[in-house]
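Pasting the structures here.
Same chain, two partners: subunit A is paired with subunit B first, then with subunit C.
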Partner chain A sequence: MSLVNYATREITCKIVYYGPGRSGKTTNLHYIYGQVPDDRKGKMVSLATQTDRTLFFDFLPLDLGTISGFTTKFQLYTVPGQVYYATTRRLVLQGADGVVFVADSQAHQLDENIESLQDLHANLADQGIDARAMPLVLQYNKQDLPSDLILGTSLLSDALNFREVPEFSADALHGPGVFESLRSIAELVLKRLSSGAPDPAPMAAAAR
Partner chain B sequence: MHIDSKLRFDNFVVGSANRLAAAAARAVAEAPGAVYNPLFVYSGSGLGKTHLMSAIGNFVVQRKGRSAMLVSLDDLVDELHEAIAAGTTDHLLHRYMQVGVLLIDDVQFLTGHRETQSELLRIFNALQADGRQLVITSDRPLSEIADVDERLITRLSGGLIVDIGAPDYETRMAILNATCQERGVKFRPGVVEELGRIEFENVRELQGALNRLIAHQTLGGEMLTPDMVVPVLGEIAEKRARATAPRVSGEFASFLTEIASAVAHHVEQWKTRLSEAIEYWNSEGYQTGMLTRVLQGAVAPKSLESLLREFEGAVTRLRDVERQVARLDAALAKHDAFHDPDRLEEAEQFLERALRLSSPPPGPSAAFTRAGFEVGGSNQLAVRAADAVVAFPAARYNPLFIHGPSGVGKTHLLNAIGNGLARESGGGGAVACVPAQLFVDELISALQEGGVDRWRQRYRNAAALLLDDVQFVAGKERTQEELFHVFNALYADGKQLVLASDRPPRELSGLEERLRSRFEGGLVVSMQAPDRPLRERLYARYLRDLGVDPTAEMLGYLSERQVASVREIIGIANRIVASAEVAAVPVTTGFIRAELEPDGADPARAAAYRAANDPFFLDREKVVWQWTDHGARLIEDLR
Partner chain C sequence: MNVAAVESWIEAPLRRYVDDARARIAVLLHPSGQVMAQAGFTRDVDVMAACALAAAAHATSGELGRRLDGHPFRGVHYAGATHQLFLSALETRRGTYLCLTVFDETSSLGLVRLYCEELRRALISAAPNAITARPTPTLAADFEVELNRNLAALFSGPKGAAVIS
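Entry: the complex of A and B
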């Protein structure tokens, strides 16, 4: 997707929240939604099952107003974490400018985290995208839970952050780490502008 | 009042509240006098009117090489009063007329100055009529400036009126960040953001508040924290901050601030500048493929300014070409190519074609004058007819058809008529004087290029048509068809037609009857080989032209010689003079005789030679009379 359109003077940024089921992706969006003034946010679209698990995806458009002369809009998406929604995940991932990987800090969810991260890489590869070129931040959610239930950030970092991307401890329900993650991924995405790096997708298309 | 060189476009922070004003100011600076003239900018105090106006002045002076003058209305009024008192208002007007861009600040003070207003109106009218740019600022809209002459309001409203609103959050942040960077000041995270959240009504207040924070931090020796901002700034800031606070939560505001700073840092300025230029030129109706291609590329151009200058140059040329083509062919000027700098070459070709087809047809050669045409018995009828045609175009002899053998002066006389008609018409239209062969060739080119209508129009617009060597149209059906229509159109419009040929119309085989009858409908006159008196005058003239003063004997001898054309006389004169120069002897009758009659030393042979060339002796009856060996035959047998 075109990130900066100089002709229409628009910056549009698609951020996808990725991670295993029930890791807190939708909670991230809900928290952001709650903090944004009414005139800056669109309607949050959330298609959920009866048990409040994301069936298809959440979509939250954010209008950041005019920044440096550019109308800046962020589109935040989540993917359904459940394994059997692989097709939806691939669809949502298409055209993403950056990914926030929301890991569940609970100890028993480590395998799901690793599996989901691998799934992310596989889906990117399927779309011909070089995962190393895709801006990514890791968020270790639910760090507010009792310490005997969760893994520390250093352990999670060892297990998941082999690319040494920015990582954040978070409590998406109450806010800590939510905006930090969003700010970090936004900066990474914007940084790609000045680095002159091509979009991952076209590069992949050329490689094919 | 001088233009502050620090107030430029590149340090004018553009936000939603001043975007239109900034774009208009840039457009005016890029093309002074061409767009939005006058430009009227109004806003409350401290929102950047003077900055924008000075930016225009600086841009025009530095980039366009034109002069700019910034005056406040007060100064202008003072100057006017002095000039009116001294009776030198014309000098004042003259001084302002030397300026490319006149920038007048604070015109709200016009109220009541009736005399000043009428003088200003005079100055504005003169400046605008001369294509000079006027930029005016005021702290209120024109309609709210009391007691102003209606004509002046109309004049000032005639260009573009834009306003500047109070800066929004992003603009305030950008201004604060730029000022901090310029002054090398650093605050703790969140301090500038906290200040930016306060909705100051103008930039001066905002900068005043920033100055206060800087002073507090510098003099107090203590780094300010975000929660100290409002208390340090005092009551006004507190009120405004209270009004502002509910709008954006702290966390989101902080997020916005950081994103704004990231965007400002990462957005490539050259692309921003380029996209502004694209937007501007698109709004002017021009295709911007040349710039868009660069914008889509990953690499910045070596010189953005050169690129923009090149584009502007191409647009200027396109405008010029379009204007020229519009004068020649209004329909052609609507072509898309005139609005696409990528197609400049195509536009130039249109112009070339339009010029070729729409330029006046070939006119008479100035070298052939009536004064330079010698009149004799052999051509006097044609010359009298020609004089009558010049004196009474299309009234006496229309068409005039002149025929005669080659070299007797038809072309000279035709061009002399053309020059006479052009002179008499006083520039009322081009006189077409064209050889028939060129007429045919032009028609063929027009057919190839699909421009027959314009070609035809070109001749129909002529004040008169003089066609030489008309025998060449014989047998050419399409040319005759076109000539027929041109002839009829010109004749119907009361325009003179003159035709020249080597034979009379009746003897022109391959000429359509409808043309022949028209050619014969006026006057058909012939020109013959020069007779003896004319030959004598022509020899005298050409020899003098060659530096020889001919004697009566010399002229008598030469004019006795029969010649077929004027060209032959010129040839003989040239030959005599050239031979004399080679032999390094003066030109005498003896020399001429020896030159022209190498075997003519014997007077008897010379007489025989002369007789053989004399038309009298060329009469078949006389020749037979001389040739005794044919005496046995009856003269009638030889007839």
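Entry: the complex of A and C
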């Protein structure tokens, strides 16, 4: 649910990084946090276990600056990837304006990627959201690993990208693909907002 | 006292609530964690992070309530050494909002709960009857240029990645 404050000319959007456990969702946010100047980001909040696995979510507010006269802010969230945190994922997904699905390119993780993508669609449906209406970007992470361990992007695309959404090869630990994924989802979300299409989430309008 | 709201009809009830309940801070937020309005000494607090955490606490307590009590718990109270917080869901015609209230020894939980209920009633009566058509922010046709420039400024020297297909 994008919030548009006409009095202060401010737009706030919620982006959720989704995907199976250990696919690199938190790593995406850490990389972004490390690259962005201090005056353009808030504090990163991580609710994690003692072993740094995401327990509830990571949260990073970003100030994208002025776009068409609107101060544009993005709130980036991750969900916990492990299967047994299904309830938490549903809660974090609430009110999302866009989703970056972070897939793990390792060959042995293919089933987990597919299961997580199905889980995303099921959770959106539970909230009355047509998954096809939700801005979505696919990121094939860990493409820096040895080629015998990972699936190529065309194979991953065949398995996961049946909606033909923007997709990116990535190495979130070192940066390639992180910026491009964020740029792409930001563009999709703002285009959707500008076009006047209804929110993907069936909620009360908040703009005035 | 600073008051800022996304929707102007929220301002007066929230300002009055902070005064009456003698709260330090009151923030009205959407259950997804988005800030709708804030009032009080909010410069002391990272409001966005507080709202993300408050939404999580509300969701967690609601789910716990459903599992343990058959119904979601409607309010949460945390007491610290100097400050306390009360988090409550408020149903209005415009949907459910959460109210995060921070208070100290100049107020009390009873007072905050009392006026939180008044705030709920005030919001119900102040809310516009119908949800009017949502205005659309008019972004320039080439807003992608500004978006790209701003993102490039955020990531000084972004490393390239292959865009597939």
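Operating definition for what follows: the second predicted complex is superposed on the first by the 195 of 208 C-alpha atoms of A that agree within 3 Å, B and C clash if a C-alpha of one lies under 4 Å from a C-alpha of the other, contacts with A are read in each partner's own complex, and residues count from 1 in each chain.
In this text, a contact is a pair of C-beta atoms (placed from the backbone, for glycine too) under 8 Å apart; a residue touches a chain by one contact, two chains touch by 3 or more.
Note that the structure is a prediction, hence the values are computed from the model and not measured.
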Subunit A as common anchor, with subunit B and subunit C clashing or fitting: clash
Subunit B versus subunit C as contact partner of A:I11, first or second or both or neither: both
Contact breadth on subunit A, by residue count: subunit C or subunit B: C
First (subunit B), second (subunit C), both or neither touched by A:P37: both
First (subunit B), second (subunit C), both or neither touched by A:A186: both
Which of subunit B and subunit C A:G95 touches, first, second, both or neither: second
Candidates 236-244, 254-262 or 578-586 of subunit B: the single one with C-alpha clashes against subunit C: 254-262
Overlap of the subunit B and subunit C footprints on subunit A, listed as residue numbers: 4, 6-7, 11, 35-37, 40, 64-68, 70, 72, 175, 179, 182-183, 186-187, 190, 193-194, 196
Touching residues on subunit A, where the partner in the complex is subunit C: 1, 3-8, 11-12, 14, 32, 35-37, 40, 42-43, 45, 47, 56-57, 59, 61-62, 64-68, 70, 72, 75, 77, 87, 91-92, 94-96, 140, 153-154, 157, 166-171, 174-180, 182-183, 186-187, 190, 193-196, 201, 203-208
Touching residues (chain side subunit B, partner subunit A) in the complex: 14-16, 19, 168-170, 174, 247-249, 251-252, 254-256, 258-260, 262-268, 271-272, 274-275, 278-279, 292, 295, 298
List of subunit C residues in touch with subunit A within their complex: 4, 6-8, 30-36, 46, 48-49, 52-53, 56, 59-60, 63, 94-95, 131-132, 134-140, 143-144, 146-148, 150-151, 153-156, 158-165
Complex contact set, residues of subunit A against subunit B: 4, 6-7, 9, 11, 35-37, 40, 64-70, 72, 175, 179, 182-183, 186-187, 190-191, 193-194, 196, 198
